[in-house]
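Pasting the structures here.
Two complexes follow with subunit A in common, the first pairing it with subunit B and the second with subunit C.
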Partner chain A sequence: MILNTLKKESKELFREGRIRIAFIFVITLTITAVFISAWHYKDINEEYVFAKQSEREIWDNQGEKNPHSAAHYGTYAFKPKYPLALIDQGVDKYTGTSIFLEAHKRNEAQFDEASDQTGLARFGNLTPDFVLMFIIPLLIILIAYNSLTKEKEMGTITLLNSQGAIGFKLIFGKWLAIFLPLFVLLFVLFTVSGIILSSLPDFGIFSWLSLAILFLTYVVYYAIFINLVLIISGLVKKSGIALVLSLSFWILVCLILPKTASNIAEYKHPYPTKQEFAANITKDKKEGLDGHNPWSEASKALAKQVLKEYGVDSLSQLPFNYDGYRMQKGEEHEAEIYFKHYKKLKIQHSNQSRIYRQLASISPFLPTRFLSMSIANTDYTTHWHFADAAENYRIETQKFLNEHFAKESKYGDWSWKANADFWKQLPKFNYKPPTLSEILKRNTGNILILLCWLLGSFAVLFLTTKSLKNVKV
Partner chain B sequence: MILTNNLTKSYGGLTALDALNLEVKEGEIYCLLGANGAGKTTTINLLLGFLKPTSGRAFINKLDVVEHSKLTKQYLAYIPENLMLYPSLNAIENLDYFSGIANKSFNKKTLQSILTEAGLQESAFYKPVSKYSKGMRQKVGVAIALAKDAKVLLLDEPTSGLDPKASFEFGKLLQKLRQKGVATLMATHDLFRAKEVATTIGIMKDGQLKQQWHVDDISLSDLEKNYLETMSYNTIEL
Partner chain C sequence: MLKYNFKYEWLLLIRNRWIQVLTILLFILFGFAAYNGTQKVKMRTSNLTSAINELQIKEREILSQLDSLEAGHELNISRWMMPTNPVVTGNLLPRVVNMPPKSTAFISTGQSDLFAHYVQPIVTGEDSTMNFKEMTSPTQLLFGSFDLTFVIVYLLPLLIIAFSFNILASERERGSLKLLASQPINIRVWVLQKLGLRFFWLVMVIIITLSLVFIIFDFDIKTNWMSFITLLSIIIAYTLFWFVLAFATNIWIRSSAKNAITLIGFWILFVLLSPTLINQISNTLYPIPSRTLMLNEMRSIKSEAIKKQDEILDNFLRNHPEYATNDSKQARGFYQKYMATQQLIQDELKPLLSEFESQINNQHKLVNASSWFSPALIVQNSLNQIAGTSTGDYQNFKRQSIIFSKEWRNFFKPMLFKGEKFKKSDYKNLPEFRYRYASVNTYSKTFWLIIISSLILFLVLTPNKHQIELIS
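On to the complex of A and B.
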């Protein structure tokens, strides 16, 4: 009965003009989105490789220079464009692509794509994730809204019942007829994306397994959507009402709830403004050691402590350049301040994520969105991960420079310059994004919520089959 | 094959069917006459298991329709007043699907021969049923019953709205099924067709079976007279 219904439903679906048009529209949209994203990805990829190489060349070829001058001269940490961003661009557009690494200061990522665009960017870009998250659920509604209501409206349900149709087999046949074309569409989209990505020079982080799990995430999302639309179609009598209810549901879960979640999260756990954040850091910095200011109380106390520790009377008697030592201690103090304040931001981020997870129980869109962005390495957590790695690299760089300055020069000799070959000894910034297992572990909550939605919606759909038995002549 | 025993259905204070006792044996056609609301469709709904009786019992092939709801459906076929099929599918596809629902599987040649047996023209086999007349759809309905090899046929005003030729052809089909031993219960307003095809005729009013005859025991004019009297119509005024 299941296969029979699948065959019949498929014939009916593809003989209907509106379905054919909708499929052609979605396929065209998907191909266009993948093409645009691939082209964009290739561009960004080339820019990334070029910028990374050029910046390193500039760093390596600074010539003779005081290490602290080099520390202020700074360098950049570039965020790679992750291969799966081709499918889900996530928040990449807003988070910035590079971080300027300099002495004394942790900088935010800059050169975000959104600020380079005109006001028209407010309309959003055509990306595969837009098609996957918003358009395909609409296609599901278009295909499935009258799947059961039409049987009631036409009266075929009575003939089916008289033939001994079994409700859940009938519905499962219909379910498969809706699911399979979408599955094929999705499979082709992901396979083509995988082939494109594997043929592009990546950064060693593209994996077919990640792509497969992203694919599964969307498969589950659509299965849930099909279930919900079929439940509505099974419970109401008129196709028009089923369509309105299904569209209302789409508006609620895909548009209203994510925005509401964002508002609630920001209201309950607000981030400090940039001014507040900067002012708090400046205040803390002032209260501690400033590597540049040997006259501050903190500097004097440090000098006293070092003299005592080494058992000498003056700083020039120390076996290293105290200026470099003080600079390093100042860096360490500032790094702690940044760590403290960024930790507060991360706590707020984690609180906000908790609100999203809570609201995810009433919208399958949210866990899918977060899981998709995480697997694609385009979520805020991955951005934090990159920013932290860049900050660690900045701290290590400062230590490398200050220690060289302290070890190789004499106290008070600010005119001392490091050898031109010295800069090449600085290890390169090699960022490794979170592994797939780390991502999945971090998203256990989202995975569980999505599975609950899947099983719960199947259970309700199963119960809905009972309503079909009560249709009378 | 069909047996009802004090079959009653009430909705609150309203009795739609009141202690109905009737029997349709193998190879018999029982025509239930009566005005709208007489209880004919309620009887069919109860036999189909779409409704549960308030009291009394109904049997299909000696099986209680409430206790053996799924099993009894294996033996029966149902053709409503307006048989609705899937409009974008053709007759072969519709027949194939509905047969499949009843766990019957046929090759294309067999499906064609069943449709031919049901009286559908060969030229219509592959046309979408959206282009079919009501009579043609009813023939597909008969084909579905034939394919199912149904022992019991429940018909709810199947000739309503058919032109005389189509109605006549439908009657002939019922006779053919009767010869195969199918027990048919047909609710109808069509006295002429009832007299033509039935073996037994009953008249219902207010949920009760008021009168019942073997077809040979009553003429068409007497049937009409009895029907009108039962319905309390004034024949002169009419």
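On to the complex of A and C.
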């Protein structure tokens, strides 16, 4: 029964012009998207490798210089592009790609693509995730909206009933007929992407396992969509109405709810403006230890404490250059201030994420979107992970420079310069993105919600079409 | 006949609750969108006010410090922070260079969530790396915002489609079309009348609900009637376009399900795909040069420049005799060297930066030219312009801010190089910033929408199909 339905439905689907055209259209779109993204990815990656190298060269060849001048001169941390960004670009367009690492200051990542482009960029790019998240669900609606209504309109449902057809077997056959071509399409898309990615040079951290899990995520997403469209098709009488209802559902789930979620998240847990954030930090900094200012209260207290600790009367008697020591203490204090303020920001971020998760229970789009971005390492959390790693590297760099200054030079000698070879000793910035298991652990909530949607929609589909008598004619 | 049609269509629409449902639905959608918009504007205004307050507090502090210094008192401030140093004051009291929201800003989020609404350029700042990006969660930027523009551009066409996809086909499917054909009326004209009336009623519903929502959210229609009329006319032109499309589909395609699919196909094409495609094409034709590579270049120029600071300052003074003094002990401190070097770096970066500018401008030109192909884009752009949140507005703000930033720097520069002190009396001469919005003109766009609609209408009404074909 299942097999027969599958055969009959598949034949029917592929004989129908609109489905053929739609399939060809989606395939063309997908190929274009993959091609464009691969090209983009290759470009960005080359730039990244070049920029990283040349920035390091600039750092290494600073010549003789005071370590603190070098600290102000600073260096850059560049964010690598991850292989699976080929499939899901996530929020990459909106996050900066380079962070300036300098003394006393934690900087935000700068130069995101979106601010350099026209307003059109806000509509989205032609990327595989656009096709996967928005267009293929539309294709599902197009294929499946009349799956059951046509039986009612043609009156064949009575015939099926009289033959003693078992509802859920018939439905399962129809389900497979919709699902299999999509599965094949998706499988080919992911395999081709995998092959492209593993053939690119410097593909670094690409793993087939991540790709497979991403594939699975989309399979589940489509299964949910097929279930929902079939449920609608079982509940209404007319094909036209089934189509309009399915489409309204699509708009609600894919467009309205994400936007609403972002509005609610913003006014419930707003971010400070850039200037406000900076002003708060400046305020905190003013009250504490400033490495450049030996006259402040905090500096005087520190000097007293150090003198006491080493049992000497003047700073020049210390076994190290006190200027460097004070710089380092100031740096540590400032790093703490940044940590405090960024922690506040992170709390807002996690509050916002909670709102998205809450709304995910009424939109399967949201958990899929977040899970997909996470696996592709293109979500906001990964960006945080990178920014934190860059900040840690900045703190280490400052320590490295200040300690050298304190150890090698004499108190008060600001004209002292470090050796030209010294800069090469600074360890390189090596960023490791979160591993797959970490990502999955972080996304347990999204995975559970998605599974609930899958099982729930299957259950409802089964209940509403268990027997054909239940299907409203 | 028209009179009967008018009367019965109205009765029909009321009795099958179309009008009621549409009114309630539009009211909820418009209301929620306007609520979101006003929330955003409120946040924007309050952020701006607090920034200005903050500056005033700081101003008072610095002015009182100047007072004491001018009176000859000693202050417990480090040498680096003396407000008599023009650079210090120029850095401590940057103006809040801001872009206040228009009264219509709540209509469209546009680019307002991406870009900052105020910057505070300082004397030692760099114009080329001045950051105009707001600190927004990128997830939020990705999803966008539920605003009036979204309701009008995305949702309104779908309501029209639901409202009109089966006018003719349903008559055919019910068999009442034959009956109708026996009446002395051209079917095409009959469908046109029916759709025309629905168009009329929908427009009425839109005007009423929108006015109501605007009044609820304290929009002053009296003073801003021009923008309200412009807004309404663009919405009506867009509605007309979709109705004409629905009319064409009704005439040319037979079954109601196929009608729905065709219209939705148009929706996907115009609203979802064409912006994405145009964006992709403009990015491919006019790729923005790599910012990462720009950074590299900037770093190289800088590292070269810093090594030769003294030489640069000499050259600078030679080229700018107005800054040089006859005093052989002219101040050649940290800031003098810094400013001269900075100037050199900015000059050398100019060609690189203008490459960015020109590519972005090229993209804009292409996008503007091709947006005529997609009514959705026309409307989106016009609404952003009316709200003052379009890319153009933010570019405008960027340009004006950079000009002001130069003005600000040039105010302090002569003092710095001539070794003059900043005095309290200089304070009232500080340059002030006032943002000027570009004037909005969306009439040509509205007009264009009407022209496209008329063309389609003309095409459909040209009788190349017989009445009989329509009926069978």
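Quick note on the criterion: the second predicted complex is superposed on the first by the 462 of 473 C-alpha atoms of A that agree within 3 Å, B and C clash if a C-alpha of one lies under 4 Å from a C-alpha of the other, contacts with A are read in each partner's own complex, and residues count from 1 in each chain.
To be clear about the criterion, a contact is a pair of C-beta atoms (placed from the backbone, for glycine too) under 8 Å apart; a residue touches a chain by one contact, two chains touch by 3 or more.
Bear in mind that the values here come from a model prediction, so they are computed numbers and not experimental data.
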| item | value |
| --- | --- |
| Touched partner set for A:Ala265, first subunit B, second subunit C, both or neither | second |
| Contacts of A:Thr156 with subunit B and subunit C, given as first, second, both or neither | first |
| First (subunit B), second (subunit C), both or neither touched by A:Ser296 | second |
| Partner chain in contact with A:Asn45 - subunit B first, subunit C second, else both or neither | neither |
| Partner chain(s) touched by A:Ser147 [first = subunit B, second = subunit C, both, neither] | neither |
| Contacts of A:Asn4 with subunit B and subunit C, given as first, second, both or neither | first |
| Dominant toucher of subunit A (residue count), subunit B or subunit C | C |
| Residues of subunit A that lie at the interface with subunit B and also at the interface with subunit C | none |
| Parts of subunit A lying in touch with subunit C, wherever the complex brings them together | 18, 36, 43, 47-48, 50-51, 54-55, 58, 62-63, 73, 76, 78, 90-91, 93-98, 108, 110-126, 130, 134, 138, 142, 146, 239-240, 243-244, 247-248, 251, 255-256, 258-263, 265-267, 270-277, 279, 292-293, 295-296, 349, 352-353, 356, 379-380, 383 |
| List of subunit B residues in touch with subunit A within their complex | 41, 44-45, 48, 50-51, 70, 73-74, 76-78, 80, 82-89, 93, 96-98, 100-103, 141, 144, 148, 154, 156 |
| Of all residues in subunit A, those that touch subunit B in their complex | 1, 4-5, 7-8, 11-12, 15-16, 154-156, 158-166, 170, 470-473 |
| Parts of subunit C lying in touch with subunit A, wherever the complex brings them together | 32, 36, 39-40, 43, 47, 50-51, 54, 76, 78, 80, 110-111, 114-120, 129, 131-146, 150, 154-155, 158, 162, 165-166, 256-261, 264, 268, 272, 275-280, 282-284, 288, 290-293, 295-296, 299-300, 303, 306-307, 356, 360, 363-364, 367, 377, 380-381, 384, 390-391 |
